[in-house]
Each structure stands twice: as structure tokens, then as C-alpha cells.
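Chain nomenclature is as follows: A, B, C and D, assigned in order of appearance, with residue numbering initiated at 1 for each chain independently.
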Amino acid sequence: MEKIKIILAGPRGRMGKEAAFLIHNTEHFELVGCIDRINDGKALAEVEGFPNSLKGKIYTDAEYCFQNVEADVLIDLTTPEIGKKHTELALQYGVRPVVGTTGFTEEELEHIGKLAKEKQLGVIIAPNFAVGAILMMKFAQMAAKHFADVEIIELHHDRKLDAPSGTGIKTAEMISQTRTSKQQGHPEEEEQMQGARGATTKDGIHIHSVRLPGLVAHQEVIFGGEGQSLTIRHDSYNRASFMSGVKLSVETVMKLDMLVYGLENIIE
Amino acid sequence: MEKIKIILAGPRGRMGKEAAFLIHNTEHFELVGCIDRINDGKALAEVEGFPNSLKGKIYTDAEYCFQNVEADVLIDLTTPEIGKKHTELALQYGVRPVVGTTGFTEEELEHIGKLAKEKQLGVIIAPNFAVGAILMMKFAQMAAKHFADVEIIELHHDRKLDAPSGTGIKTAEMISQTRTSKQQGHPEEEEQMQGARGATTKDGIHIHSVRLPGLVAHQEVIFGGEGQSLTIRHDSYNRASFMSGVKLSVETVMKLDMLVYGLENIIE
Amino acid sequence: MEKIKIILAGPRGRMGKEAAFLIHNTEHFELVGCIDRINDGKALAEVEGFPNSLKGKIYTDAEYCFQNVEADVLIDLTTPEIGKKHTELALQYGVRPVVGTTGFTEEELEHIGKLAKEKQLGVIIAPNFAVGAILMMKFAQMAAKHFADVEIIELHHDRKLDAPSGTGIKTAEMISQTRTSKQQGHPEEEEQMQGARGATTKDGIHIHSVRLPGLVAHQEVIFGGEGQSLTIRHDSYNRASFMSGVKLSVETVMKLDMLVYGLENIIE
Amino acid sequence: MEKIKIILAGPRGRMGKEAAFLIHNTEHFELVGCIDRINDGKALAEVEGFPNSLKGKIYTDAEYCFQNVEADVLIDLTTPEIGKKHTELALQYGVRPVVGTTGFTEEELEHIGKLAKEKQLGVIIAPNFAVGAILMMKFAQMAAKHFADVEIIELHHDRKLDAPSGTGIKTAEMISQTRTSKQQGHPEEEEQMQGARGATTKDGIHIHSVRLPGLVAHQEVIFGGEGQSLTIRHDSYNRASFMSGVKLSVETVMKLDMLVYGLENIIE
């Protein structure tokens, strides 16, 4: 198999570092360049903490990088603001972007979509790269056709500020697309203590957020029906969980000629 | 909606009784006849333990029942031997069979399939009617495309004689169809106590069987990948869990003109 | 071993019926009498649905029963109001009561306690006879000495009216006795949807109530600490779960000469 | 509170590093010295990766360290061989050892026990410092008095060589001390596939070992009884889980005047 030539933007970030090791560990991936704010001109291998195989040079000027390096794919794990610029630049230079960010507005997505179509190039933008989490949401959506009663429990470490989690809300939205809307529980049920029944979406799905030290990122979707229950659970133990999705995206983007938003649309 | 007219064979069995209540509780279902070994000529409602609404008459002669009663669907929850006869009879009289049994050989299925085609009638034969269990198997099969590492834990009451359970073995088979075959675990792993790593299919999937009093019928399929795990679990608490599948089958068989074997083929 | 002679009050109730079968199935238990509103003078065995071994006669007059039957233990599974009367009567006639009800006030308990002391007779009054549930609460109380961060998830069928469940609230109370009080989660955490973080006790423990058809009665207590979590879970699948506690109580009450309230005080 | 003065042996090992951070993060702990093979004379703070607060000096000669540094407690997280020498030395110099190793023979433990008694000094030696895991085993031991039916499922990453895990075997041993010995499952149960029912201890307890990438170290002990089950689960997500036990040991060893082997004996 010919190697896929990759430019990595943001190699020193927590996700970026994982991506660098993914490239190192994948035989048919090759790092041909990096975009970063420092270390201009060095090979990534020269920066502390990176393996010797990563010979791709670092560019502090993104456009200059695309001009000088012949690449197939850009993996961008920077910030939303910078990620958008890189995405456009990459497309202009014929490179397929794989972007991990939630920061794109609908207008921006539409714009990127047009650009991708013009250039006949694949683009993948995904807020979540954990294949297991995507499958959990997909399966929940499928199960909801058969079970209208469902509750979501998401469990995270206690340094998390928001409740419910983004994945919890996203899961409820995906379920709502296939589930017959209903208010769950007994019509006359009463909370003896406020909040006991969790948050309720306008569609009637309950979401419960647990926060405990030691936990990482976990979610359980429980469906109930006559005499049975069906539970789909995803446990994320560390950041490496995202790399399976990045790998799949790099491989898939090579076969696309359009924008795909969300990993759930490339996973079957 | 017009009511679906149903003949129920085996109303006094444990599953049959649940099916009788399913008909009673479903507005668009109507019991028009019963096939049973006793109580010839009585309405099912007259037999102790059945609700008043079930006016369908009981026939001890199956053929006589089909001759005299105009029905859409036969629900057969008898034994394999009797179920086969009823299935053929039903098709001859233009009634669509929904049969819950594992007893058909491949030749018999082929024969029924031909008959169904000739008559342009739907038939559904299913060894397992629990929709949640079917979804668990389907999801496991889908997840196996993305995670080659998987183990199955099935947990049942301690009066069960066989290990692994039929569902456990079936799940492993379905997973094998999509999973890249591999021997799992460390190549040099050693059992300090024999059996610790469970049963292993020829494809390298491990199955563990737990037997404890109090338990009913439970199964967990756990997939592992870099930094994450994905778990699909089905809990069956009582026989009512099968009725969602019977209901779905009755509704679906009305739209079919062929034989479908296995609920997984009508559930999306 | 000499048999323990038992009077059963309330044999036709759902719990009473289980207790009758418990006596039938336990070699060293013997039914010597019953208290019920109907069937005066009949043996319980003559009432439909009870096994032949249960020869104890039914009395509609409780006092008359105690006067005529020589018994060791009264199992009372009636209502709170009637249970109180039976408890006093039993003590007066030298019979040790095992009572399953939550209806006693503190004054009433004090009164029974005095009576028991005078008569030098054991009494066990318990709101919950499920040994597994009691152990869950005990273990949670012990774990809370070591882990101050804990959340409770209780899951019940969707016909339940109150949230949180009595067991959930009781568990939080028992934990509070050993746990260092603290507000859990991030001090600046925010609910994007109201109720997401569940109910919070004044001591800072979060309780989440899940209600789904199919479920029976389940509870999970999750403790979190640096790099680890400890989970204690009880699943109650049916009423038989209470009988282990009734059995233990009958055996234990024979050795007591005082009142014990709550099964947690006789289980080690 | 006066600070506890600590000598740390093995600061650069994986566990040692966690212990260094534990000392840094605990207000009433103070690092007064280190024993290591390199960096003689440096403060630990000067070694890369350690926080500034850790001013304790490094000694490559253990005896010289004990002669020159006034300390209360030795935390030893080196190898069994070296750990034994340090333990003796510490006791000779009036320092209380907290040692994390499995390497002591019974004779050696007896010897250390005598020494501790002579010197009237506490010693804690523990193969496992994860408080949650210890509690899981303790609770399992307690529950086994009430439920004779129990199975153990332990789940680890797939680089683990042995099955069952040490903790799994230890748990079964502890359960056997309180459980009425019995062969579980149906007396006529049959394995259709060899190993399905897991490993069986001579006492009749089944242990199942799951190995999957992504997992860390997890164990579930499931008890079953009439109509109910009780599950105790410990999840270890990373090495930090051991530090709660090291902290507790340092605090407890100060109040002891004898040897305690195993954390289960100081945790209530």
C-alpha cells in the first residue's frame, strides 16, 4: 500500500501528540510536515518527546508549509479559529483536511462544503473522534425505534464544569430523531427531592450527570421495555481512544470528494 | 386501523399465555380462534386465567379451525413437531404463520420457504423473540467491524444445564461474520487455573458463563480498543420480554410474501 | 434441630404467600397457625395455591389464635395498623414477633422495646428484609469512611410514584453517619439543563432516580477516589428476595431477648 | 498537626513518583530524604519531573541516609530484595517502614515482626495499596456469610500474562474463609465448549478472566440469592489509585507498635 502523506497541525497539544504517535505506529502513514507556533525548520523528531521516525519538518507559517510540502492529508488538532484557516488553505493546495473541532458555524460548514465540492476533495470535520462513543450514539438511535423508554447516565471526573456533557446532549438529540416522543415515568410521579429524576429534554428524555474523582469519561444509555432492558455503555479511559477515529478518518477522507461532518456519517 | 385477526396455538403454555395477554392488550389485534388439546368449543375467555375480551373459540382439531375461522395470522407457540404441521396448514388456508421455535431443519425451512413463495404469503419463524436480545446481537455484529477484540459474558440462573447459552454462541457466530479473525489476549498468556480465560471459539472469541441463583437471563458483549471499551448488555427479567418481538412479527408478517427466519432480519 | 413453630399473619398477601412457601421449604420451620380475615378453622393447605404441608389452622381472631396455639415465632406481614396489635398480643402470649412494616412511630417502638425487655423476648421489626439491600447499605456506610465522594443511582420500574426511592434516601442517611460532609463536584459546575446533577442531600450527596418499564428494583452506590472507583450494586428481581431476610430473622429472634429495629443490626 | 517526616526509597520508579507527588500534595507530610541509585547529594526537587517543594536530599547509601536524616517513616517502593534490607535498616534506626511489595517469605515476615516488637515500632507491608480493591475484598468476605453462591469476573488489559489475576485469587481465598463450601451451578450442568464456566477453586468458586485492550484493572464479585444479586466492583484507572492506601498507611504506622501485613488489617 502506498503511504498516506500527512501534515500535522498542533503536534505539541495533548491530542496532537497522540496523533504524532498514531502516525509513528501506523505503517502506511508518513509525517511529511508539521504546522506549529515554534521550532520552525526543525524536524518533529528533534523536539523532546517525539520518536525518531517523525522526520517531517515544522513550519510556523501554514501557507508556506502547504506550498513546500507535497501531502495527501492535513490532520488539524489546533483551536477552532486556527483550524478553520488551515482547512481552507489545505483545500486550496489540494490537501484533504481531517479536523477535530466543534467550532464551525453552519455557514462556515456550508462554505467548506462548497469549496470541497469545487475542488473534488474530501474533508472530514468531527467534534468527537472516539469510535466507541460514536457507535454508542448510533446504536442508541437504532434501539430507540423499538424502545421509546430511555434514560441517559453520563459519568465524568469532578473537574468537569458542564452538566450534562456534550455527548449526553448529542445522544439525546440523535435518539429524538428516531424515537416516538413521550413523557416517560409515571404521569403522577413526584420528586420528593428536587432534581432526583434528572434533566429532561423537551422531548421527554431524562439525562443524569454523575461527577466523581477517579472517573474519566463514561456514558450509559438504558432502554427499558416489557420484562427487559438494553444497555449501551462507552468507557473512555484516556485520550488514546480518539486515535482510532483519526486513523479511520485519514483513510476514509482519501476516498471522499465532499465534506462529511461527524464521524457517525462515515461509520457503518 | 383494521384489526389483525389472530389464531393462537398453545394458549395455555407459558409463552402462549403471554401471547394471549398481548392480544388482549393490543387494540389492533383480535383473537378469532385458538388451537389447543382441550376445551374444544369453549371461548378462551371461559378458561380460568384469561381475560373476558378473548372471545375466540378453541378448536382441538387444527384443520377444522382453519376451515371455520377467517384469520390473518397464526401465532404458534406449541412444540417444534406440532408447530411444523400448523405452519403448513396455515399456509394452505391462506393464514400467515408467526412461529416461535428452534426445531426446523434446513430442509424443512426450505420447504416452508417454497410454500410461502407459491402462496405469496409471509411467514416468520424465530428462535428468539426478545427484541432487546436481537438488537444486542446486531449491534455486536456492527461493532465488530471496528473492534476486533471482544469477549462475551452471559449470566443465567443456576438451573441452566448448558454453557455457553444458545444466545452466547449465536452472538459469537454473528460477530465472526464481520470481525477480522484473531487470537485475543497476550500470545504468551497462561492460565494458572484451567478455564480462567473461558471458552474460545475457533475464531478466537472468548465466552464466559456465569450461573447464580436469583439471576434470570443476561448477556454482556464487551469490545476493547485503544483507551476505550464499548459494552452492549441485555437483561431479560421475565417472559414478557418476548412479547415485543411477537407483536412486531405479527405486524410485519402482514406485509411479507416470503419466509423470514430470525427476528434479526426484520429488525432495522 | 428442633423445629421453630411459626404463626403466620397475612398468608394471602403477596409477601405472606412468599413466607408461606418459605416455611414449606425450610426443614426446621413448621407452620402451627395462621391469622387471616377469612377461612376461619380451615388449614392453610386447604386454601387454593398453598402446599399440602402447611397444616396450620387459620384463625380470624388473633387473640384466640395465640391462646390456642403453642408457637415460638409470629411472622407478621399484614398492614402497619394490624401489625402493631399482633406484635403486642404475641409478646403477651410469649411468642417472638418478626414484623415487616415501616409503620411504627418512635414512641411505639419504645413501647414495644419495653415490653420485650419485661418479657425477655426477642422482637425484630424491619422495613426491608432483602439481605442484599441491607448489605449494600452497610458496605456503603463502611466505604464512606475512606471515600468522601459518592453518588447514588437507583433504578425502578416506571409505575413507581416517588423519587428518590426510600432505599436511596436511607442509604444516603447511613452514608452521612460515617462520611466527612462535603459538597461534591467542581465548585463552579453548572447545570446547562436543570436537574442534571440529580437531587442533593443537605450533606452534599447526589441521588439519581431512573424509571423505566421492565426494570424491577436496582441500586448502585458509586464511590470515586484518585484513579479508582468502587461500586456496590443490588438487583432485586422479585419478591423472593425478601425471604432470605425473613428466614434469618426467624432464626435470630429465637436468640434475642430485646427489640431490634432494622435488619442491618442483626447482619454482620 | 506536626508534619510526618518521610524518607522515600525508589523515587524515580512508577509507584515512587506517585508517592513523591503524594508527599508534595499532603500538607502534613514532609520529604526529609530519598534513597536512590543515582543523584547522590542532590535534592529530589532538582531531578527533572519533581516539584520544587520536595527538598529532601538523595542518598545512594541507605544506611548513611538513616544515620544523617531524622525521619518518622520510610516509604519503600523499590524491589523485594532491596525493600527487605531497607526495612531492617529503618527499624534499627527507629524509622517506621511502609513497604509495598509481595516478596517477603513467612520466615522473613516473622523476623520483621519480632524486630518491630523489640523496637516497639509500627511496620506496614502491603502487596496492594488500592483502598478500593481492599474494601471490595473485605465486603466480598462479609457478603459470603449470607450468600454461598458467588462468581468472580476480573477484567484486565490484554498485555497481562497470568489468569486469573492475583487479586482474583486472593478474593476467592478471602471469601472461602467465611463462605460455606459448595459446588455451584446445576449439579448436571455441562460445558458445550470447554472452559465456559471459568476456573474453579477447590472450594467451588468460579473465576472468569477477561483480557481486552483499553481496559486497565477491574474486578466484579457477584453474589446471587433467591430473587436478588449483589455486586461489588472495583475499577482501577491508573496508578494514582494506590496512593490513598500509602497515605493511610503512613498515618496509621505512626500509631502502631507492631507489624501489620496486608492493608485489609488496618482498614475498617
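Just so we're on the same page, contacts are C-beta pairs under 8 Å (C-beta built on N, C-alpha and C of every residue); 3 or more make two chains touch, one makes a residue touch a chain.
Protein names from UniProt, one per chain: A, B, C, D = 4-hydroxy-tetrahydrodipicolinate reductase.
Worth saying up front: this structure is predicted, and the values here are computed from it rather than measured.
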{"item": "For subunit A and subunit B, chains touching each", "value": "C, D"}
{"item": "Chain pair equivalent in interface to A-C, over half of contacts matched, among A-B, B-D or B-C", "value": "B-D"}
{"item": "Interface residue overlap between copies subunit A and subunit D, same or different (over half shared)", "value": "same"}
{"item": "Which of B-D and C-D has more C-beta contact pairs", "value": "B-D"}
{"item": "Averaged-CA centre spacing for the pair subunit D and subunit C, given as whole angstrom", "value": "37"}
{"item": "Geometric centre distance via CA averages, subunit D-subunit B, whole Å", "value": "48"}
{"item": "Per-residue overlap in subunit A, given as positions that touch at least 2 other chains", "value": "214-215, 223, 225-229, 235, 237, 241"}
{"item": "Chain-level touch network, classified as line, ring, star, complete or other", "value": "complete"}
{"item": "Interface residues, subunit A side, partner subunit D - complex", "value": "214-216, 235, 237, 241"}
{"item": "Subunit A-touching residues of subunit B, taken from the complex the two chains share", "value": "130-133, 135-136, 138-139, 142-143, 145-147, 223, 225-244, 248, 267-268"}
{"item": "Complex interface listing, subunit D residues touching subunit B", "value": "149-151, 153, 155, 158-164, 169, 184-186, 188-201, 206-215, 222-229"}
